[in-house]
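Two complexes are shown next, each including chain A; its partner changes from chain B in the first to chain C in the second.
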Partner chain A sequence: MRYYAERVARSVLTVWAAVTLTFGILRLMPGGPLVQLRGQLSRRNMSPEEIENQIAVYRERLNLVDAPIHEQYIAYLSNLLQGDFGQSLKEGEPVLQLIGEALPWTVFVMTVATILIFAIAIVWGALTAYKEGSTFDKVSSVAGVLLGSIPFYVFAFILLLFLAYQNKFFPASGRMTPLTDVELTVGFIIDVLHHAALPIASVVVVQAGLQMLSMRGNSIQVLGEDYVRVARLRGLSDRRISTRYVARNAILPMYTGFLTLIGFNIGNSVILEQVFTYRGIGYVMFDALEVQDYSVLMGVFLVFTIVLVVAVLIADLTYSWVDPRVKSGDASEAY
Partner chain B sequence: MQVKHTDSDTDGEEFVFETQTSTVETSRSERLRDFYEEFIYKPGLVALDDSRTLIGGVILFVFILIALIGTRVYPAPVTNQVERSLKPFETMNAPLGSNPSGTDLLAQVIHATPSMLVLVTAGAVFSTFIAVFTGTVAGYKGGRTDRVITTISDIAMSIPGLPLVMVLAVTIKPENPAVVGILLTINYWSGLGRSIRSQVLTLREESYVEASRTMGVSTRRILTKDVIPNLMPYILVNFAFAARYCIFAGVGLYYLGVLPADLANWGLQLDSAYNDYSALVGSGSEYLVIVPMIPIALLSLSLVLLAQGLDRIFNPRVRTRLAGESESIEEDDDDVVHTGGV
Partner chain C sequence: MASTTVETREPDSEDPVVELRNASVTYDDGNSYVLDHVSMDVHRHEVIGVIGESGSGKSMLAESMLDSIPDPGVLRGQVRYNPSEGEPIDVLDLTTEELRQLRWEEISMVFQGAMSSFNPTMRVGKHFEETLSAHDADIDEGLAFARELLQDLYLEPDRVLNSYPHELSGGMQQRALIALSLVLEPELLVMDEPTAALDLLMQRSILRLLRELKEKYDLTMVFITHDLPLIAALADRLAIMYAFHPVEIGRTEEIVQNAAHPYTRALLNSTPNLDAPIEEMVPIPGSQPAPINVPDGCAYHPRCPLADEQCRSSKPDYVSVSDRHTSACYHWDDARDEIALNYSENLGDAARSGGDE
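Moving on to the complex of A and B:
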């Protein structure tokens, strides 16, 4: 119980650190964000009054107030706690609304991708472990290493070239066919999957190989354990040994990795979604970078952090439930 | 790696020679010889035997040659230096073709190499150093030191790396490739530090560490003499993985335009090819995207191969049966795989 409390406290501490970081960055920026924004405005031939008015609007949208720094900090924290992440500098929309509209798409893509990665890695890794030393094993290892050494965005370009531009099997951009109604029909779901296929594939192909190698390593290790030998001596069927004895124990160490990988991949979505013009949360962050929209930038960063923190927290808290041999107090060591 | 081996081969013989002539330096040269045996000669045997290390080493060496010599021999990229939109292998002026602004693609690739290597080295050295420092100190000292360091590294670990770097890069706007490298790994060290810590937790109970402790040897000396040498193989393997992460993240951020870059940069090359020249849309200019992809993939491939080879080289079980079939012992890099998944 104490472990759970400590673990939750640590997560809260992490989010707090991220919040403090964004607060610090916004204020410690050379000259502050407003100076840089003022520079942008003055290049647009605006009269001094217009600039001042615009700056006042920006100031409000960034939740910047004239007060001693500690009061600003408290105001910043309480705004965030109330779900007020400020407003987008350019459009004035609430940041949270922008994020809420985009986040589900990213979570959808990355969750599907990560599930596929692990499904492929587990089956493929187990097969190579059973056929250790065979041609299949050697070819698989080389393939895993080769695929793993390509950054996913480089692979995304390859997919785009062959499957979207040269052959028009998949759309090159977007979340769905423009002007379709968002409703839960079979056609809509197929359309969404069709659009998500390439982004998902480019993540899956480069990461599955590396995960396969670690599944292979685990399986080989488990295959050498005494209890597997005993099971063989007892005359249990190969099928039972491979599913009940080997696979289960080989998959366990990958469990934490699974949830953290979803978190990390969501963080990586900035590059992926830019390549595919897929309007998820990563694209929102990219957009904000382009136009120096600091309030959106910081908001997305905080959401990324929260997603990752929650993913790791769930992984840690449920590990003892997945693997009963680990007492919850030692779970952090099994990481 | 391979080339380093042959280089140091002669060095090593000098060390042997020295032990015979100088009596004053004996202990030191003996140590050097031990070091040579442990870290160069024996690994060299395995490396020669292992095609992965060989290939990885050769590729990396070629990149270093390009950075050192290629940049001096080959003209730097500028706009309108050759005809516009040349295809690869069309003229020898621009062997890999040129972009619609008349910049030689090969020149871009070559002149981007030095800063990329600096970036990668800086990031890998920085993150490995911090990881080793925090990991060994936390694991060995235990108690409150451990709790403080673990909490800090836990926090660093659960802040997503790429978005963090973006937020920081907007503020700092780093120009120097070494600074970029360090910025990229600003929280990458935490995962590695964590796994080093758990290895130190078992090492600290070893009798030779305990012996040093009872003899009153200082913590710093125990860590550098007893603990870290034992972790060296693991550290080197992860050094290579950290370097690979720097390539992925570095090129990715240059591609997004988060980091300021000049004309010679693989990420920027990708960016302008895909976003400015729409090279994939089927106007026959796909090579604009493909050319910068080649060095990115090759450099990270060489690092992955080296990491796997190094793992084998420093694995005592593999080393003892040098000639034997040793495929079964490799790739226990679970931690790395999870955190390095850019």
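Moving on to the complex of A and C:
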């Protein structure tokens, strides 16, 4: 129980630190964000009143108030707790709404991609370990390293070029065919998958190789363990040994990596979604970056942090459930 | 299922469970021997202690009885297994499936390092179940027997079976592993340094338990160890390994009191015992040969104080020293005179009573 409380507390602390950081950054900008924005506006030949009006709007949307810094901080925290991330500077829509509209798409793409990565890595890695030293093993290892060293956006461009532009197998952009009705029909799901295929593929191809290498290493290590040898002498079937003994013990150390990779990949979406013009959270962030929409930028930054923290927290909280060796506060017994 | 007999049957030298004939294990395409033409019997209902320093080939001797030499070693020669009923079996001629059935059902093995012999992510009880079902044994009966074995080993069956390996101490895991090795009631139990990872007290207590088990179930055991006093308390016979084959085999009392090989005598003198204070222990100068450069003639000659021309040029055969006591030495008789033992001739008794507390 203490273990769980500790983990939860640590996560809350991390999120709080990120929140404080965003609060600080905004106010540490020389003269504050409004000075920069004012500069931009004045270059647009606006009258002083117009500028003042616009600045007042910005101030409102950024949740900036005229008050001593600690009061601002408290106001900022309580706004966040109420789900008020401010409004987009440009459009004035609530940031939370922008994020809520985009985030599920990114989570969908990256979760499917990461699950595929691990499914491929586990099977591929186990096969190479069983055939350690064979040509298949050597080619796989080289391929894994090579693919892993290509930045995924490079691969994304290649896919885009060959599979979307030269051959029109997949759409080059978008989350779905424009003007389709959003409803849970087979046609809609296929359409969504069709649009997500290339972004997913470019992440999977690049990352599966590296995960395969770690599965391979784990499996080779487990294959050399005494308990596998004893299991063979006990006459267990190869099938049972490869699933219950080798696979299980080789996959366990990758569990935490799996969940955190989902978190990191959601952060990776900034570039990926730009390449595929896929309106997920990364796309929203890129847009905001271009027009210096501070409130959206900060909202997205916070969401990235929270997603990662939650992924790590889930990994921590559920690890003892997948690995019996980690039982919080359960000491081994003496003779 | 458990065969509790009232009187313990004496070891029967006319009734070997396993007969090794010229068993050799080679690596490097047959160039280096790690087991060198060993011929030896294991008698039914006996405990035979195989003693050697590390690198003497004693583990290979153990593995050869199950034909389980780790790759890329190659086992040649003959390994014959005689079940208590039925025809003798040539272990090296078995198909993979026949070998799978033989192992654990007929001949089972306990390794060094019990702590790593269990799957860390599986409950101990599951190991028993899967072993029983892999050999088409009745699960309920088998588990009942497993409980009895665990109880014999002073463990709480329910707790042990429901635990994960890491929840048990090293001594408990070792005893659970012994129970697992006996659950199919094998004819022969081969133990390779089964107590190496445990502290001294635990080693002694495991030995005592093994003696109780042996008496209760009439076990036949091959016990591989480097620890002569430890096994002297349990073994009926001892085989002393040097340079990949036994140099002397005989009844425990005979070996301990009247060893007829210079190496055995040196080994006895290098072992702590009740009579000799620690400063009188004499380590054997030099070291065991590596498999690639075993000396010609008697492999022990570079370290042997009695070595002469004959020893250097030709390999000594086994000579019968007395009833069921053989030594591979030209000068076994001189050895008894020239290499005095540093203890009075009761190490065996002392060890036996020492193990009884």
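General observations
Simple rule for what comes next: the second predicted complex is superposed on the first by the 328 of 335 C-alpha atoms of A that agree within 3 Å, B and C clash if a C-alpha of one lies under 4 Å from a C-alpha of the other, contacts with A are read in each partner's own complex, and residues count from 1 in each chain.
Methods note: a contact is a pair of C-beta atoms (placed from the backbone, for glycine too) under 8 Å apart; a residue touches a chain by one contact, two chains touch by 3 or more.
Keep in mind that this is a model prediction, so the values were computed, not measured.
Of the two partner chains, chain C is the only one touched by A:324; chain B is not. Look at A:304: by the touch rule set out above, it reaches chain B but stays clear of chain C.
With both complexes superposed, B is the one of chain B and chain C in contact with more chain A residues.
When the two complexes are overlaid on their common chain A, residue A:286 makes contact with chain B while staying clear of chain C.
Legend: residue contacts after superposition of the two complexes on their common chain; A:106 is shown touching neither chain B nor chain C.
Of the two partner chains, chain B is the only one touched by A:216; chain C is not.
Comparing the two interfaces of chain A, the one with chain B and the one with chain C have residues 333, 335 in common. In the complex of the two chains, the chain B residues touching chain A come out as 52, 151, 154-155, 157-164, 166-168, 170-171, 194, 198, 201, 244, 247-248, 251-252, 255-258, 270, 274, 280-282, 286, 289, 293, 296-297, 300-301, 303-305, 308, 325, 327-328, 330-334, 337-339, 341-342.
Only residues 225-227, 229-231, 233-237, 240, 244-245, 248-249, 252, 323-325, 330, 332-335 of chain A touch chain C when the two sit together in their complex. Residues 10-11, 13-14, 17-18, 21-22, 25, 28-30, 132-133, 137-138, 141, 145-146, 148-154, 157-158, 160-161, 164-166, 172, 207, 210-211, 213-214, 216-218, 220, 253-254, 256-257, 260-261, 263-268, 270-271, 274-275, 285-286, 289-290, 292, 294, 297-298, 300-301, 304-305, 307-309, 312, 333, 335 of chain A are the ones that touch chain B when the two sit in their complex.
Contacts from chain C toward chain A in the complex involve residues 66, 68, 100-101, 103-105, 108-109, 111, 113, 116-123, 127, 130-131, 134-135, 164, 166-172, 180, 202.
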